[in-house]
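All chains are identified by letter, namely A, B, C and D, in their written order; residue positions are counted from 1 within each chain.
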Amino acid sequence: MATQANSVPHPTLIQGIHNRWHPDIPPFATVKPGEVFKIECVGKSKPVYWTGAQIGNNDTSDDVKNVDLTKVHNLSGPIAVEGAEPGDCLVVDILDVTPFEKMPWGYTGIFELTNGGGLFAREFNSKAAKAIWDFHGIYATSRHIPGVRFAGVSHPGLIGTAPSAELLATWNKREGALIAEHPNAVPAVAFAPNAVGAYVGQDGLDPKVRQKIAEEGARTIPGREHGGNCDIKNLSRGSRCYFPVFVKGANLSVGDLHFSQGDLSFCGAIEMAGIITFSTSIIKGGIEKFALKQPIFLPSPVDPLYSSKVIFEGISVDYHGDGKQYNMDATVAYKQAALNAIAYLMKIGYTREQAYLLLSAAPIESHVGALVDSPNACVTLAVPTGIFSHDILPKPEGFTKQDFGQCAIRSDGIV
Amino acid sequence: MATQANSVPHPTLIQGIHNRWHPDIPPFATVKPGEVFKIECVGKSKPVYWTGAQIGNNDTSDDVKNVDLTKVHNLSGPIAVEGAEPGDCLVVDILDVTPFEKMPWGYTGIFELTNGGGLFAREFNSKAAKAIWDFHGIYATSRHIPGVRFAGVSHPGLIGTAPSAELLATWNKREGALIAEHPNAVPAVAFAPNAVGAYVGQDGLDPKVRQKIAEEGARTIPGREHGGNCDIKNLSRGSRCYFPVFVKGANLSVGDLHFSQGDLSFCGAIEMAGIITFSTSIIKGGIEKFALKQPIFLPSPVDPLYSSKVIFEGISVDYHGDGKQYNMDATVAYKQAALNAIAYLMKIGYTREQAYLLLSAAPIESHVGALVDSPNACVTLAVPTGIFSHDILPKPEGFTKQDFGQCAIRSDGIV
Amino acid sequence: MATQANSVPHPTLIQGIHNRWHPDIPPFATVKPGEVFKIECVGKSKPVYWTGAQIGNNDTSDDVKNVDLTKVHNLSGPIAVEGAEPGDCLVVDILDVTPFEKMPWGYTGIFELTNGGGLFAREFNSKAAKAIWDFHGIYATSRHIPGVRFAGVSHPGLIGTAPSAELLATWNKREGALIAEHPNAVPAVAFAPNAVGAYVGQDGLDPKVRQKIAEEGARTIPGREHGGNCDIKNLSRGSRCYFPVFVKGANLSVGDLHFSQGDLSFCGAIEMAGIITFSTSIIKGGIEKFALKQPIFLPSPVDPLYSSKVIFEGISVDYHGDGKQYNMDATVAYKQAALNAIAYLMKIGYTREQAYLLLSAAPIESHVGALVDSPNACVTLAVPTGIFSHDILPKPEGFTKQDFGQCAIRSDGIV
Amino acid sequence: MATQANSVPHPTLIQGIHNRWHPDIPPFATVKPGEVFKIECVGKSKPVYWTGAQIGNNDTSDDVKNVDLTKVHNLSGPIAVEGAEPGDCLVVDILDVTPFEKMPWGYTGIFELTNGGGLFAREFNSKAAKAIWDFHGIYATSRHIPGVRFAGVSHPGLIGTAPSAELLATWNKREGALIAEHPNAVPAVAFAPNAVGAYVGQDGLDPKVRQKIAEEGARTIPGREHGGNCDIKNLSRGSRCYFPVFVKGANLSVGDLHFSQGDLSFCGAIEMAGIITFSTSIIKGGIEKFALKQPIFLPSPVDPLYSSKVIFEGISVDYHGDGKQYNMDATVAYKQAALNAIAYLMKIGYTREQAYLLLSAAPIESHVGALVDSPNACVTLAVPTGIFSHDILPKPEGFTKQDFGQCAIRSDGIV
C-alpha cells in the first residue's frame, strides 16, 4: 500500500538516442510493467535550443532551405519492459505528450523540392517556407498564419518495438527488391540501410555490434509491422496501443513528437521537442490472441471535438494539373481534395503557402469514400470551422478577401 | 404567411429513372428554390418488391451469385431547379433518407469473383454470400451476423448534377485514354459509354435524343466533378451539399440509397429502397466564389457517435499475401488494415464472410495516417465497440471463441 | 428463419387513448418480446388535423390563449408485453419517433399566466404567444423565429408502465399530503385524482371499473417511479430504457411526443403528433438485479452534436427581480441563467417572447454546477451556436441588433 | 516580430494568497492583455507537500476527520489586467490546468457530518472517508476504488473578478438577510464576513485596509455575479470565459483546482495542487454589450468524450428515505438519482462510500429533465461506462458481485 512517499514524481528517463531499427541495440533503460515513466524527445530536425539546432523561432525559412535531413529520426530509447518476450503483446498507455516547459513553440515547414520535398513539391516547385507556432496551453497560434487557433492533438509521429533479426531481414529484403525495381527514382522509392549517419548513443557498445547495427539497421522513415513512423494523429495522449513483441524486453523507442497534425500531413506536422509519459503492461501470447500483424490501438477520449466542418472531395483525376485520368489512385484523389481546400482558403485570403502549412498542421480529417468505383477513388478532407476566428462557411455573397500577410519565406523572397 | 393549409405534406415526386449521365436527359420534374420535395429511389439492384426483383429477403446467396449488374445504377431524376444556371452553385439539403415503410430491410452482398467482384474478390476467390439486415427504427440487425446492432448512417451513394456537353466530352476522352492504356484488363479499369442497357424512363423523348444519350452518356459507376457515385457515408440526413451547376436547371439526380456504410465499402453497403427528402437553393456564380471543382459539403450534426473504438493499422506491404513491398500504395495498406480487422473478428468467432460483410456495412471509419513516409503508406480502420452486444476490447485473457453461425451462402454450400 | 414474407411492414397499433394512470386500465393490445410495433400519438393538446383540434398552424396565439388543458395528457396504450410480471424489468427500445407524414409541423406555446402558466408566467405576466415550427426532414425552422434551424431530438415527453394498486395508493397519499399542506396554492402544488375529464378509450369496459379508474387514477402531469411525464429529451430515438414492472404485462403507455426540446422546457417543447416505434424485452427479476426504484436508460448514439456553445450561468439570487437571496434554490438559479440567455439573445435582436420560445424548443443543455456552496446553487445553460444562421459568439465590437420580427401573438396585440 | 528569444517560457507568477473577496485587496501582479501567464494554486485544504499539510497520500481518513476548514479557500491573486475598467468584460482563456509535476496525486473526501458535511451527510450520518487518486498523465486511478480509470476534466473550482464596494455591500446585505431568517440553522445557510481566519498575503498592506478587508470581505464559499466558487467542471483547459469587471484592473483571482469533478460534486472533487495558465483580453463596455449579469463562457473542444452511459433518474420524492413528497425540489430529485446510481454500483460490488466518492470525482453529467410538471422535478445523472474496466451495462443475467475492497476509512474502523 502506498504512503506519503507517493508524492515522488515520476522519474524522467534522460534520452538515449538512436536512429536505426535493429535488434542488437541494447535497451537504454528497463522499466517494470505498471511503472509510469517519462521520455525526453528532441524533435525531428533538432529545433533550436539543442546543440546543432537547425530550425529557429524566426521569420525566414532559410534554415528550412538548408536543413540537413540525413540523420533523421532521433529516437529516444530503447526501453526494455521486464518480462516481455517474443510473441507477447506490449500494451503502451500514452499518458501525456507535452512540449518542453521552456520551449513553448514548434514549426511546420515546406521543404525545397530538392531538399525534403513534400506532397506538392513538384506541383508547386516548392521553395522553403515555414510557420512558427506558439503554444498557449493546449492551443497553437502562428504569427505566420493569422486568424487561426486550434487545440493540438499531440502525439508521437514515431513509436515502435524493436524488430527481431528475422523481421529486420524481411524488411531489408522486400525494400531492397523495390529499390532494385526503381533504381534511379527521384525521389527514392525507399531507403536501404546506410552506415553513414547511423547513430547509437550508448558509449559502452561493442564496436562490432555498433558496426553491425549501422550496416544492417532499418531506416526510420516508413512505418512497419512494429509501428514506427506511422504519423497517426490519433496516437494521442490518452490512447492505448498494443504492439507486437519481437525481441526480449520489447525494446520500445519513440520520437518525432508532434504538437498537432491532420490525418494526412502534406509537408510536416507541428514539430516539437517535448516529453512523453508512458506506462506499459504485457499480454502473454498477445500476438496469437489478437492476430496481431501490426499494432492496434484504442483512441483517447480527449481529442479535440470540432463538429462543424467544411468537407472537400477529390477523385483520381488530376484536374488541377493536366486532367489525366488515373486508375483508382488514392494519392491523386487526396491531392485534388487538398488543392480544392487550398483554393477555397485562398478565396478567403490566405496565400497558397499559408493554406498548405495550415492543412498540414491543423486537426484536419481525411476519409476514403470509395476505392471500388472504377476508375475513380473518392476521398474527403474535412476542415473544422471552429479553428478560425472568422466565418469560413460558404455564404451566398461569397467571401470578402482578407489580407493575412504571408508565412515565413526565404530571405531572397522567392516562393 | 402560412395558414392551416400548411398541414399538407411535402409531395413525393414519383421516380423518373435513368442510368446514364448526359446533358440532354430532360428534367423529370422542376422545383423551386426553398421547396421541400421527396424522391423515391428503388435500389441499386432492384431488390424484392419491385418488378424484376433480383435480391430477396431469404437465406441463400444464389440471387447474388446470379445477379445481372449490367443495368446499374437506377437514378431518380433529373430534377431541375428554377433559376439555376451554369456557373452557379446548387445547395442541396439532404433532409432525410428513409427506407420504404413497407420494406424495412436491406442487404449487403459479397459478389462472385466473376460477377461483381469486390475489394478482396481475388484474395478470397469470392463466392456469393450475403447478409440480410432488418431495420428497427434507426437500427440494423442481421440474423446472418448475430451479436451486432448499429444505428444507420443513411445516405445516397450516388448524387450529382448533370454534366455539360463539354464536361461529358472531357470525361469520355480521359477515361477512353485510360481504357486504351489497359485494353484487356480484368476487371476493366473503366467503363466506356455503352448503348446496351442504357435507359431513360421518359416516354415522350425524341428517339434521336434517346439514341444520342445512349451512345454518349457517361456510365454511373465512378464519382466525378459533379458528384456522382462517391459513396461518401457522411452525405447523410442533415448534411448540406454544394454542387457545381453545368447545365440550365442543374438537373440533379440521385440513387443507390444506403441504410448504412462504413467509410470504405469493401463489398457493398446496406443497400435499400427508400425515400430521400431534399430542399435546394442557388448561389449565383458559386463555382467562382468557392473555387468549386467538385462538390463540397457540411456534415450532419446527427451522425452516430461511437467514441470507443478498436483501431487497426495497415501499410503498403502485402503481408497477408506474398509479402511484397509496394510503393506508397494506399489500397494495399487498406487491405492489410481490413485483413487485420477480419482476423481479429475471427478470433472472436465470426466467419471470414461475416466479418467482411460487417466491415462493409457498419459505421467503420478509415483514415490515412501518412502518404509521405516512403515506401509505406499507413492507414487506419476503426471498428466501434458499441455496435457489438459483447465486449470486443482486447483483454489479457484473450477471447473465448463464440459460435455465430454463418451468413447466407450459396445453396451448393461453397464459400 | 425469415423468408420473403419479411418485407411486411411493422404493424401500427391504432391508438387506444387514456389519460389517467391506474392498474385496472386493461391493455389495449398485447405484444411479444422482440416484436417491433408502432404507436400513434395524437399530441398533448390535440393539434390541428384531429377532431377537437385546438392549436392551429396559423399566425395568432388566440388558440393558445383559449386552450382547454383539463384533459391532458392523451396517452396511447396500455400495451401489455407477454410474460412481464411484477418485479421484472421491461426493456423498451425507442427505435424511432417521427411526426405524421401528413403533418410536418408542430408548435411551442407560451401560455397565459391564468391558463397554463410556465416557468416565467409570473415574471413576464405571460400573455399567449406561440411559434409554429415546420419540419424539414430532421430539421425544424419557424417563420416566427427567423435565423434559426436545428436538428430535432425527437422523444416522448411521457412514457411509463402502469402502477400497481399499492404504488398508486402511495402516490395518492403522498401527493394528497402535499396538497393538504398548501391548500390554496396558485398554481396548485399537485393534482389529486379527479373524475372530471378522466377518459379510458375502450368501449367494453365495466362501468364500475371505469368509475374506479376515474376516481382513483393518478393524473399524468408529474413523472413518478414508473417513468411518466419526465420530459427527458435524451429518451430519443435509439435510446434503450429499463422500466420497473408493477403489474402483469407491464402495461406501457406513451404520449406527448416532442419534435425537439431542451434539457429544461420553460414553456413547452415542440409539440407534435406522430408515431413512435418500439421493441421490448423482459429481464426477469430486474427490479432486484438493478436496484430499480425508477427507470434507467442508455442514451442514443444519434443525438445532435453541436460542439460550439455559449454557456450562461445562474445562481440562487433573484438578481433579475428583487435581488433576494435564496437558499440553494436551483429553480431560482435556472431562472437567472435563462434570463441571462434571453437578455443576450435580445441584444442580437430577438424579442423576449422569441427568445423564451427558442430556449424551450431548441437542444439547449442545462447542467448543475454546484448544489453545495451555500447559499448559492450554481447552474449553467448552454446555447449551441450552430443552430443560428448568424454568428452569436461574443465579439469585441458587440452585436448589431437585427430585426427578427415577432412570434405569433394574440390578435389583440397584447404581449 | 518574434525572434529566437521566443523560446523563453511563460513566467510563473508565484502565488499571492488571499481568502476573502474585497475591492481593496491590491493586485499581487499586473499583466498585459494578450500575455500568457501561469499561477500556482496550492489546493483547498493545503494537501501534503505544503507547510501545514492537512490531507496526506495515505490510507486512513483520520486527516479528513480532523481537518480545519475555517481558512478556505486559498485564492491565488489578485491579478490586475492593464486597461480593464468597470463596465468592461474581461476575457480569460484557461489555457491549461495541470497538477504539480512533483505531486501527481489528489484526493476526494467524505467529510464528517459534524465537520464539513456534504450532500448526504445526514442521510449517511457521514464518517470521514477518502480516496487517493494517482495521476497518470491525463488519467486518474485510485487504489481505493479499483476497476476505474478516467480522463480528468481539470478546471478551477473557483475563479472570479473582484467585486466593487457597491456589489460587495449588496452581497453582504442579501446574505445577511438570509442568515437573519435562519439564525440557528445547522449547517448554516450562509457565511457572514468574519475577521477570524481572514488572510491577505501581502506584507506592505496598510493595517487599516487589512482590517477593513477582514471585517467586510465576502467569504469565498458561494459563487456570485463575479464568478467565484461555481464548481463548473466545464471551465476546463481550452475554455474561454467572459467576466464582468467591477474594479479598475479587474483583479482576477483563482483557486481550488480540481483534477476532475462531475457536474455535481456531492462530497468534493479530486482536489489537487497545481498550475493554471491564462491569457486575457478586454472588451470595452462588455457588460452592456452582452447584458452580462454573471460570467458567460465557451466550452473547450477537448473535454473527455464518453458516448456510452447509464443514466439514472430522480424525482422530488424522498423514496430512499421517508417517502415524503416535495414540491418541485431539484435537490431532493438529485439525491434520489444519486442514490439510485449508488445502489446500482453497490450491486456491482462497490461499497456505498466508494460509489459516493466515485460519483463525486468522475466525469458524471447531471441534467434537469423538467422543472414544470408539478409536483415532481425530474433530473438525470449519467455515469459513463467507459471509465470502468469491467462492463456495467445492465445485462439480463444481472451482476456477479465483485469485491473491490473499501476506500480509506478512519483508523477506528467506523464508517
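One rule holds in what follows: contacts are C-beta pairs under 8 Å (C-beta built on N, C-alpha and C of every residue); 3 or more make two chains touch, one makes a residue touch a chain.
By chain, UniProt protein names: A, B, C, D = Acetamidase Formamidase.
These numbers come from a predicted model, not from an experiment.
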Handout entry: Per Cα centroids, the chain farthest from subunit D
Key = B
Completion exercise
Set A-D beside A-B; more C-beta pairs touch across A-B
Handout entry: Whole-Å separation of chain centres (CA-atom averages), subunit A against subunit C
Key = 49
Practice task
List the centre-to-centre spacing of subunit A and subunit B in whole Å, with centres computed as mean CA coordinates.
Solution key: 32
Exercise for the section: Mind checking the centre-to-centre distance between subunit A and subunit D? Centres are C-alpha means, answer in whole Å. Expected result: 38
Exercise for the section: Going through subunit C residue by residue, note those that touch at least 2 other chains and give them in order. Expected result: 301, 305-308, 386
Completion exercise
As the complex stands, subunit D meets subunit B at residues 305-308, 386, 391
Problem - Complex contacts: residues of subunit B adjacent to subunit C - result: 1-4, 6-10, 36, 48-49, 56-59, 93-96, 101-105, 132, 134, 136-139, 143, 151, 237-238, 277, 279, 300-306, 386
Handout entry: subunit C residues within the subunit D interface of the complex
Key = 89, 118-119, 170, 174-175, 177-178, 182, 187-191, 221-225, 229-234, 242, 263-266, 281, 283-286, 289-299, 301, 307-315, 317, 319-320, 323-328, 330-331, 334, 336, 340, 343-344, 346-347, 365-380, 382, 393-394, 396, 398-399
